[in-house]
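After this come two complexes, each holding subunit A, first together with subunit B and then together with subunit C.
On to the complex of A and B.
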């Protein structure tokens, strides 16, 4: 799809019109460096009621001081997306209330995704001193001899006299290395400032130097609990661009693997959410059952967590002869275990008290923040990519899209439990009918994508995972961008947490179900 | 399906079976310098210490999930004395660096390590912690935690299998057993005669932290 280029002077008006005419879901903002032609951004939009999709783009020729009008008042999620683009490309978004870096340290020199970025280690060595947040300052104090001098105390400019506490980056309840700075008033949360980037690995920049098959290996490591789906998205995008037809057998294998991965991820979600609330037994149960899926993965792909299974034109290896039998056994086993989770955790009075009515995300906010996946569906938004834009075999199988209404923690939890049942249902429809044929079609030894822009998305375990490639016809992409599933979720935390109690932060964070390497990339 | 024996280039097969080297070393070392009373006390203390190594809950990415799996139902490291993980560095004996360490995370990791009480150990889990792994060429990734911390055991893999993690953790137990707690043979003061001396590469300027508010 080619984006509609808008002149920078009309940009704001055009985006306002689009927003008014129902383009209410901002999927992604993709920062771009077009070299001579300037810097810019591509906006990917969708109308959630009609399903119409659209890409717009804006370009700004000034490389020294690039500036684009902000859209963060139209789509709330743009606030973080724009900060990301600022961080990577140095594009200033005029009118943005909080234009700071999102991933890199404040003292980082340069903007890494620009084509003229200097990667010299000497410019950005590993800095071992602590980073001072930008919103603190050293106050002037009246010294004894009536001179004003800068004191060595740090005060917080933004939060005034509220109590600031820091959660993370090393905190078991943040599920990785996310960091929150909270402004508290007693027990209530007044403001939350999210710091990402503690696991920013620079995957997009690295990809620009790698060949396509090499990039495939990195997708598994983005959100390792959606390893199959991530890789599926990239393979799909490349196949679409090169016009490769894949066989039915591959489609079956990919769909089954995607669903197994989803069950795997949801079991891990269940385990970790339970452990965050103090239920260790459920953690052990979840991991016990998850190992069964990992056994299947290991037998077929050779890997437990990171499988490296999909490849351009098919999958790496054929399935093993007793794959179908093992999967069916697992489905039977797993169905029986769901009641166990309900007995020990879901219906537990403590769980219900801590989750029901806590951390409500409304339908409109879910769309405005672009919270796809289980979180969006718990708020009533039918956002499943498998239904909206079916890919692989999802238009041939029969399954329900699980939708809840309240958007609280309990609903977010239930969505995932119910999705396990639906995934099993999908697998059962496919597993007996895997057609004979090749598991992989022959591709050229060197993969080159014809010039153009391509995108694809799949339903990952925790939302819509998208891939965008701009190619100049080379072995490696000119720009590759992955739509993170987790970034909208943490963006929405700001909304969900306002006025909540600090103890609820744990339940809310657990049920939003984000994976940090996917946010940071 | 017939499986070929996988060709492993760097480690010969016999090495995998050779778990006893460290124990042999331990016996040799102890033979030379055992003072009857103190040596026995050391044995008892090290027996206790090596069988109750508690690790810090520290995971940044993929390897961390495997680390959780090692602690959960099937693999259960509690069997070998790694009873629980601790959420506070003050209570932890070892830190399993599981996952990629980025530039932004490096000072945090260093501070966590500094907050741990002596004696403390570092295990580098997975390619990322050892050398940067798949992200070696990235502008924001630290190529190996041994640049900022002294590493005791390296566990290769991407991610390492749970069995490999258990093996690595048991190697650490052996290492703990050859330390002397009493007398002048303290780990920090005279470590010449202890094999596998931790490597400390300090090419990184470390300045004292000034941001007191954030602590």
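On to the complex of A and C.
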């Protein structure tokens, strides 16, 4: 991919034009450190009605006080993306209302993804005391002489007289270590502040020192419920960059595995959503059925949760002889079980009362916040990468893109249930026709990607998962960026939560279906 | 039917013959308290085991199987574990109230428990306003929960306690209305008389439609009173981690836990006393031989059988339904159950006045 470099002075005007001309989906903002050439960011945009894709980039030569105009008023999701870039590269986004670090602590010294970052442990020791809450802070503002300066105004993120409560980092309903700081008025939520980074492992930073096959092992640990798809995306990106043609057999295996993984993830979603609403029996039912997929995974790949199956040029091992039989058995079994979920949970009057009309995310907000996956489709946005930019065998199989209209919790729930059916349908079309051939093509012993920028994206279990690689022709990438599926969902939380109660927060969180290791990469 | 008062009277006379009357009374009080608490704890253990097995059956599992045959000793092991656990004291908590709260909850539940008629004459407290006493004694359990939430100095606990207060005080109204309609039907408030009046036909049959409606409302409200799903918002674990008892450990937590289970037993016990005839056997008029056979089954079995049937119904609900939201809980009570309960009381009174009951 070749981004269109925009001069920093024209940047804001150009982005506004792009937004006006229909580039309404901001896929990702990739912070970059180009060394001598300065710091900058690459913006990946898409027009959701025409499918036109465009990358723009902006560069800022000042390494001491880098600053780029914000775009968070054009695309709402940019608010968190820009905070991430600020956190890792120290680029200030002029006009951003809330320029705080997103992942790291406030007292962290330096910006880790910069190439000149000092990794000395003495600078950033393990701190034993708590972080001071930043209820009060000073936003950056663009002064008259176009210089960044810290304004004197203090903004209160959360007002002191409200009842402040932490949901997380250790909480049964956040499905991981995510922390919401809530301001409550009785049971109603007035304000929400999101704190990420409790399990941030710096995978992107680690990757810059690793060879490509080593990086592969990390992708499974991003969103562990779409381990196959994540790895598929990275393999696809590397194969595309190196010009490796993979065999049909590999394509079949990958597609089937992706879909099995999707069913696995959606079953877990169903279980956890039910559990969060208090229906523990449904939780057990979902896990009982998910176990069957995990058994198949275990037999073929050796792993149950983290499979490490895809590899550059193919898959790690060939499928087992009775793979097809087992998968077909599972498909038959699972189809019968869907009615059971509906009987015991979906059609329950309390479930419907708890979900219908709760946590509505409108069509426009879904796009502006970049909420892909089931969440976006529940709001009526046809955002399935498998349809928009088909990869693997998705253009050869027949399947429906599940789209609902209301964008409430119930629709988000139904989307996933229906997608299980579609995934089974896809698997059934492929499973009998897996062609003979190599499961893996021979690659060079040392993988080097030619200089350039490459990207690939797949439909993960909960949205679009993208990989961006900038290579200088070495064994390891100059910069690798994974587009998180969960961050846009969490970004949209405060919009969805307007007037909601604590119990609604749980229902909304459950149906948004974010996975924390994917947010904290 | 065997009358247990013959045994109690014999013991009473024996004690009076060997001891001065004050001392005899003291010994009797201790004996009764011992029996009541022992029965309370044993039933709690049975209930916990039952809950685990019933829940396992609903979820296609086996439940506890390892400790003892069919996991029978599991609950004993758990109780033992809870007994030896440290009771943690919380910094900045209100120490007195914090330690008092679990005892209040258990006390209210033991007091109510002692009003239950297990068989003819097998009852600790029995006086002419028995039903009133039950309602009064059961309603101060909420005080313990509120204190627990307040004194823990924890925001989750506080929200749980406030929810609990709103919920339990609301639903007491419905329970009161249901009990009132049975009182209207029977014309007495003494529990032994209430049960005796059902010897020829249980109130749920004699009061037909209004009694049945009262029974259903009672089950819903009783479920809410015991803070069990779908009304478990005070301790909604996915929202408030553990609600009002988040900060409690060891036996203090155990008290809340046991009291919750025993409140379920009490709710079911009162339901079976008021609606299903308590310890009276099933009699169908005209089938004399059938009635005689039924009479051979002891009253304790009848009472426990009916009670555990109601408990099973409530467990079924517990393991099937998702949780309600607080505004839904309150609107269910004030918009639906209370008006229906009032209307039902009116109909019941009308039926009794016009003689439309069996």
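Everything that follows uses one rule, which is that the second predicted complex is superposed on the first by the 497 of 521 C-alpha atoms of A that agree within 3 Å, B and C clash if a C-alpha of one lies under 4 Å from a C-alpha of the other, contacts with A are read in each partner's own complex, and residues count from 1 in each chain.
In this section, contacts are C-beta pairs under 8 Å (C-beta built on N, C-alpha and C of every residue); 3 or more make two chains touch, one makes a residue touch a chain.
All values reported here derive from a predicted model rather than from experimental measurement.
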Which superposed partner A:345 touches (first subunit B, second subunit C, both, neither): second
Which of subunit B and subunit C A:274 touches, first, second, both or neither: second
Subunit B versus subunit C as contact partner of A:163, first or second or both or neither: second
Which of subunit B and subunit C A:320 touches, first, second, both or neither: first
Touching partner for A:224 - first (subunit B), second (subunit C), both, neither: first
Most subunit A residues touched (candidates subunit B, subunit C): B
Touched partner set for A:21, first subunit B, second subunit C, both or neither: neither
Which superposed partner A:305 touches (first subunit B, second subunit C, both, neither): first
Touching partner for A:128 - first (subunit B), second (subunit C), both, neither: first
Which superposed partner A:284 touches (first subunit B, second subunit C, both, neither): both
Subunit B/subunit C common contact set on subunit A: 164, 171-172, 284-285, 288
Residue ranges of subunit C in contact with subunit A within the complex: 55, 58-61, 155-156, 159, 163, 229-230, 232-233, 236-241, 319-328
Contacting residues of subunit B [partner subunit A, same complex]: 1, 57-62, 64-66, 68-69, 72-74, 87, 99-100, 102-108, 110-112, 134-135, 137-142, 147-148, 158-159, 161, 204-207, 209-214
Sites on subunit A touched by subunit C in the complex: 163-165, 171-173, 187, 274-281, 284-285, 288, 344-345, 348, 350-351, 353-354, 501-506
Interface residues, subunit A side, partner subunit B - complex: 103-105, 112, 117, 119, 124-133, 136, 154, 156, 164, 166, 169-172, 176-177, 197-203, 205-206, 209, 217-218, 221, 224-225, 268, 271, 283-285, 287-288, 290-291, 294, 304-306, 320, 516-517
